[in-house]
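Letters A, B, C and D mark the chains as written, and numbering starts fresh at 1 in each.
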Amino acid sequence: MLPALANIPTGADYAALLPAFVVAVTPLLILFVDLFYRESGPWRRVVAVGLALVWLIVAGALQAGQYPHDYVAFGGAFVQGGFSIVLSEIVIVATIATLLLSIGVGRDDQVAGTTSLLLWSASGAMLMSGASNLMTVFLGLELLSLALYCLCAMSTRRTARESALKYLILSSMASGFLLYGSALLFGATGSVAFAALASATVTPLLALGAGLFMVGLAFKLSLVPFHAWTPDVYEGAPLPVTAFMSIVTKAGTLAVLARFAYAALPSEHRAAVLLPLWVLAALSMLVGNLAALAQTDMKRLLAYSGIAQVGYIVTAFAGTSALGLRYAILYLAGYTFMNLGAFAVVALMARDGDAIVGLPRFAGLAARRPWLAAAMTLFLIGLAGLPPTIGFTAKILILTTTLGAGYAWLAGTLILGTAISAYVYLKIVRAMFARVDAAHVRDERSPNVLPWVAVAVCAVATVVLGLQPLTPSNILPLVK
Amino acid sequence: MNVAPENYVALSAVLFFIGVVGVIARRNPLIMLMSIELLFNAANLALVTYARAWVNNAGHIFAFLVITVAAAEAAIGLAIVAVTFRKEPFVDVDEVSALRG
Amino acid sequence: MLLYLVWLLPLVGGVGLWAFGPQLKSWAGPIGSALVGVSFIATLFLWRDATAARALDVPLGSWLPGWSFGLLLDRLSLIWTLIITGVGFLIHVYSIGYMDRDRAFARFFAYMNFFVFAMLTLVLSDNVIGLLVGWGLVGLASYFLIGFWFYKPTAVAAARKAFVMNVVGDIGIMFAIFLIVAKLGGIGYGLIFANVGSAFTPHELFLVCLGLFIGCAAKSAQIPLHSWLPDAMEGPTPVSALIHAATMVTAGVYLVARFAPLWSASPDAQELVGAIGALTAIAGAILGCAQWDIKRILAYSTMSQIGYMIMGVGIGAYDAGVFHFLTHAFFKAQLFLGAGIIIHALADEQDVRRMGGLRKQMPFAFAAMLVGVLAISGVPGLSGFFSKDAVVYGALQTGHPWLYAVAVVTAGITAYYMFRLLFVTFFGAYRGAVDPSDLGIRHPELAGTAASPGHHPEEEEPHPHAPGWLMSAPVAILIVPTIAIGWLDFGSNSAWKQFFAGFFPRAADAAGAAPISEAVSTLLVLLAVAIGFAVAYARYGAPAALRGAIARLRTETIRMPGVLVNAYYFDAAFEALLVRPARALGGWFDRTVDPHVIDAGVREAAISAQWLGHLFRSFQTGLVRAYALTLAFGVACIVAYYALAFGGGR
Amino acid sequence: MTVTALVLGPLVIGLLLYLVPREHGGIARLVAVAVGAISFGLALYDPAAGDASVRWLSRPFAASFHLGFGPVSYWIVVLLALATFGAALAVTGPRSRALAAQLLILQGAMNGVFLAKDLLLFALFWDLMLIPVFLVLVEFAPHGRTAWKYLIYNLAGGLALLLATAAFGYLATTTDVIGKSLPAGTIGSVWGAWIFAGFAFAFLIKTPVFPFHTWMPETYAELPAPMVAVVSAVQSKAGLYGFLIVGLPFLAPEMARAQTLMFALGAIALIYGALASLVERDAKRVVAYSSLSHLGLIVLAVFSGSNLAIAGAVVYIVAHGLFSAVLFLALGAVEQREETRDLARLGGLGARNPKLAGALMLGALAALGLPGLAGFSGEILILTGLYRAGFVWPALVALVAVVLASAYMLRLFQGIMNGPEVPDLPERRDMTWTEALAIAPLVAGFVLLGINPAPLVARAAALAQPAPPALVSVRAVPEDSHAAGAR
């Protein structure tokens, strides 16, 4: 008697997975279409990206259509509904933006391949957003990561291959920790479902397993001290990939972390088990911002900034209050727009959409390209947590829940980190607006106008999200 | 012969530790990849052991999953190592440190 | 309504002439004078209302409950208003002639009109805040007029000094206001006087009086806040006549007289004020003997005479003090205007050593000055005789023999230095052509006597000449009251005493306490005056003295004691004790504390952050194995935590 | 409607000004002038404008986009409109467009700060108003460091404010509180101390008060004159306003507990600023330090708990805004003509620039507290209130500062306008009519306010009336008792 036969997957199970499934299958279509081209040409690119965009939008619509419903599919392995839908949407938005940025990058005959990898990676993140047992988590995580390893190498630059190698080795090692942690958790409870963890008694085995599991997640979120790969990989990878990575891995991993922290731990020991997480968040806020102070390359700077921003997001979980989760996801949504906007601006400053853009390139930008400078200013003040942006609103919400949960030290660290970060971001603003002799500044323009779409959408979203009325119904449903 | 599950778990821990040390200590990326395989397989061993201990097939399924993923990982890993070191006479990860700071 | 007119007409003039001065050109003088004249006439129409049983009190508005403002014209403010507008009018007319060559003719009259307005605000106010407003505004007008020739650094410095020292006085009054408001919750005179006895303890009353008196001392150049007055002579001479002799500087007298109920209730304050008045009287008189600048001599004499007035009102002889103010307004204006004629004629020469023998060239000026000197010296029959006598005897009447003695001696010294002025200026030979060094003048430009460059567009040689009618007529008119006004207070039941009958609180111990009669006292004063005159004549007026005048002036200049030349070192003391430490401290704040102490902390924090950033950057070696090591290290830490947290507790 | 227009109008128009071609700075300037004038008219026309409120947050605390006139803020908004009008008129130079645009953005943000009836909205605008000043400093200040210094100090304050607001919101479950009252005990003493510390830190930096003031002289010296006129006139009042509308009603026990410390800081600022401006050579820094001194006085008033002093503080807040704007605009005109602000190099300008000298003189006189002008009205109310509430020594210290004020203000005026003409200074022409038009309304303002501050006092009374009992108890002398002794 096979007990598994009792729950053979039904249509309802697949319906829950449908958006991720669409994203995962589209590459097959793209690759198939691409087979018919004999020679390289712009059409190959247009068709591949166009197909991807269309199906991503379809997936986004399907995902949105799921909104009011909750799905518990595959015997609890995949749970969709509530915040995980929002995270999936974030993944889709980020992927669309990445495609917009990547229009001019790479060879025409490779685009089908890179686009496919991108979609697979996105589908991995979408899988993670609904993952609620250890196996699904591992599967999603690896799907996300394996595609990313390849994407990182997709450039003629030598540093791209270096970044791929580093990412491969370190990320695999972190996956190893996650996996071993999963094995220990399984060993401690006899189940791979998160739901089973919540009712387990806390043994050293469980705590150790939880610890290793969180290390794996912390690595993906690039929390200090598991952040070392981030700047190198971000700098080396092609710009669109970096933009993609900065959002999508966070979105997927955050979903897992949220489920784990909120639903998979025995409540009486939750605070003690999660304490290292808050310490990591505090370290990230400080180290990320401080290290960003010394950076001169834009992608690297955004990498460190991302480390700190993740610190803010994880801070919202402190005390594991329901509101904290909402604000974490709100912040992530805001961060998505601010960060993608900033990457889009950087993309517009490079001829091929993928050059190393150093800070000196921003000198006097306001005089040369005022709209670009204005947009960049908005994104940067948003990242710095200044109004009128979602950065400000979400930050004060996080502060409130953190204080309310009794983690005043974490709130204080957040404020301190924000103070340091202001210097990081406004340094660029200052460079853009200062009067300079711009003769020696290399002024490159991307021939591509699609990133402007990303810039515009992100700018509007950054402000509107910050000022829109936030009520329980529109802020976010609670964790499942 | 019935070996207590604790021994398997201990063995898996040792394997895991060796894997970690291997990643840190070896400069050859191929050996590093092998060490990573060791990490995964240490986990597999633990999973299978616990699956037996709890009489729960989930552990076995998980192990199969891991084996599949590890295969994909090895393939991609070897490809990346090959691309990275195609023009180098020696294979040494410490040579690859242009990205830093 | 008429009172509004009296009060606001000069303001209209001040603002109008300031704004439209360039368009009005030479009409500015007549217009300004006319406005003050109309104000004077209007005041005369108000005489009946002011002297009625219930004085004229016009409300203006209010800030807060209890803080209401109004204009009050009673007997005391009537006297002041008449002097301000009357003498003010004459001096305005005089100025049309005196300032005729000045580029900023209209601006001068704007300031003068503004001053009249400010002074009227001071005396007409029916509350302490209004008084303080007037008090501050006259200080401002004084500042403007002292610094009228603002391209002269000495004038600029003098103006600032006058203003700042007057602000010291202002804060004294503010302090008094604090106490009054804290106790009474209101600012009106009526409220204050009605509650003098009930609201204040004697100590508080003394403090109120002290605060008010600080105001008096600054405004009326009483020791130790007197040193701005001689410097204020940098202003044009009509200014000195109006502001720094006749009206503004006597505001202190007004203040004490106005707050007579407070003073009468606080004997300690009376003693203090009387003593300071007497001290100022004699100290000013002594300094008057050591000056060579004609206006500074008059300035010290003003200081000394105000000392008399302050002593008078301070010890409770209010009507005597006020009367001395009245006569002084006339004869001192007279003296200044006479001096102005000389200065004007000599192209701004003010050093008496470089004058001499002017009697023949300028008989009118001589006559004017002579009358003034006789009056101030207290020669019987002239105005100063009566008023000074009243004050001096008042000291004895109220039981202050020491003050009396000082007052008598001062009378003698006054006669000495005033006749000295007269002899040196008008007798002997003209010394304008003598080399300054032969007269002992080492630094003519520092003596404040140098003709101001650029003030007169056309260069002209100093030649004594007769003044125009615009300048002589006011002086001629002033001669009449200078001689005659004193008779108002002749006899024990004089018109003056009737005028103020019942107005002031009666002195604690009236006549009868005095050991000698008024006649004897008068004789004593006259004796002192005679001695003063005799010494002056012997030293400067006798034929022998006149012959050796140049050599004599030289030795006297060189041998003048430093303590007198430096006016008892008051300025030096202020400089060393207040100004320098304040500037040093300010410099320390500005140049050391701000950049190197406070900012240093912030700067160090910023630098540390940068340093940490570079440190973290250096950790990022680019070696993948090192990254793996940190990863493993992090894991080790976390495992250790769980081992500690959950391992032991099982 | 009116209040919304006052906030959004300048913000939006300011941003739109960037659409004007860069070389048409004159148009941008005219638009800014018009916006200043219209907001002035609007505020005067509709002083009883109703509140505008839109829901923003409901969790973790209720918050709204709630704007409305308050007892103090109405006058500050009027002042700001006047200051913006004058400042916009004074905008000149090749980069007029940026300056005019940032002026309007700043005006909108500051209107937001003062009109916000919601604490979170207040914090939002508080941080927002950093940005235009920072950008102008970046673009116009000769030293790059100045912008950073401004930012570091003010952002530190802004973040403390944010933290305090978050805690406040958590405890009170709403931030829509300005002008209202909370049930007693909403904010306990443990949290209260920290929340107050956060607010006070922000407010003291913004004001600024010793020892948080060092950003100010540099910022004021290096901002272009139009901007600094607005910043010193209005932005520096934000902190004091904060104490009045947040501290007094909600954190009264903490205010009372901090009284000694704040009195010390205020008194030090009072004397420190005065002495420093006595020796400073840079004309704009003289005024900056003088502001430190004046604002120290207002801090004393705010913490005295005396209704009289608080009424005086309100008067003085507006008065200081008016005269400091005049001073900075006049100094800007001087700097534009002579290309230096060094008192040692300037001198004798009054002879050829009588109107400019008059403007500077009027500003200086108001600043030194000449009786009859607005500075005096505020000062005497504050000082009397202080003394009446039993604070004898602070009142006496303030009196010393009054004397010093006259010394440094005259030094400033005379150093520029009086004395012999300095021959090698470049340009001489008297005030243009635009400059006169910029300054005249401000001067009229402080003259009128000096003659009759009653409207402000009346409004301030409304502010101070519901002072909670805890604050009343700190008064050493009951306000209305004639019998109690002064110490």
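Operating definition for what follows: a residue touches a chain if its C-beta (ideal position, glycine included) is under 8 Å from a C-beta of that chain, and two chains touch if they have at least 3 such contacts.
Quantities reported herein were computed from a predicted structural model and do not represent experimental measurements.
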item: Higher-contact pair (C-beta pairs counted), B-C versus A-C; value: A-C
item: Centre-most chain [mean C-alpha coordinates]; value: D
item: Whole-Å separation of chain centres (CA-atom averages), chain B against chain C; value: 97
item: Centre-of-Cα separation between chain C and chain A, whole angstrom; value: 78
item: For chain A paired with chain B, centre-to-centre distance based on mean C-alpha positions, whole Å; value: 26
item: Rounded Å distance between chain C and chain D, as computed from the means of their C-alpha atoms; value: 36
item: For chain A, residues that touch 2 or more chains besides their own; value: 165-166, 169, 173, 177, 231-232, 294-295, 423
item: Residues of chain D touching at least two other chains; value: 148, 152
item: Junction residues of chain B, two or more chains touched; value: 20, 23, 93, 96-101
item: Pairwise chain contacts under the document criterion; value: A-B, A-C, A-D, B-C, C-D
item: Chain A residues within the chain D interface of the complex; value: 323, 370, 374, 381, 386-388, 392, 395-397, 399-401, 403-404, 408, 411-412, 415, 418-419, 422-423, 426, 429-430, 433-435, 467, 469-472, 475
item: Of all residues in chain A, those that touch chain B in their complex; value: 4, 134-135, 138-139, 142, 146, 149-150, 153, 158-159, 161-166, 168-169, 172-173, 175-177, 179-180, 182-184, 186-187, 190-192, 231-233, 235-236, 294-295, 300
item: In the complex with chain A, residue positions of chain C that touch it; value: 606, 609-610, 612-614, 616-617, 619-620, 622, 624, 626-628, 630-631, 633-635, 637-639, 641-643, 645-647, 650
item: In the complex with chain A, residue positions of chain B that touch it; value: 9, 12, 16, 19-20, 23, 29, 32-33, 36, 39-40, 42-44, 46-47, 49-51, 53-54, 56-59, 61-62, 65-66, 69, 72-73, 76-77, 79-81, 83-84, 93, 96-101
item: Chain A-touching residues of chain D, taken from the complex the two chains share; value: 18, 54-61, 65, 120, 123-125, 127-128, 130-131, 134-135, 138-139, 144, 147-148, 151-152, 155-156, 159-160, 162-163, 165-167, 169-170, 194
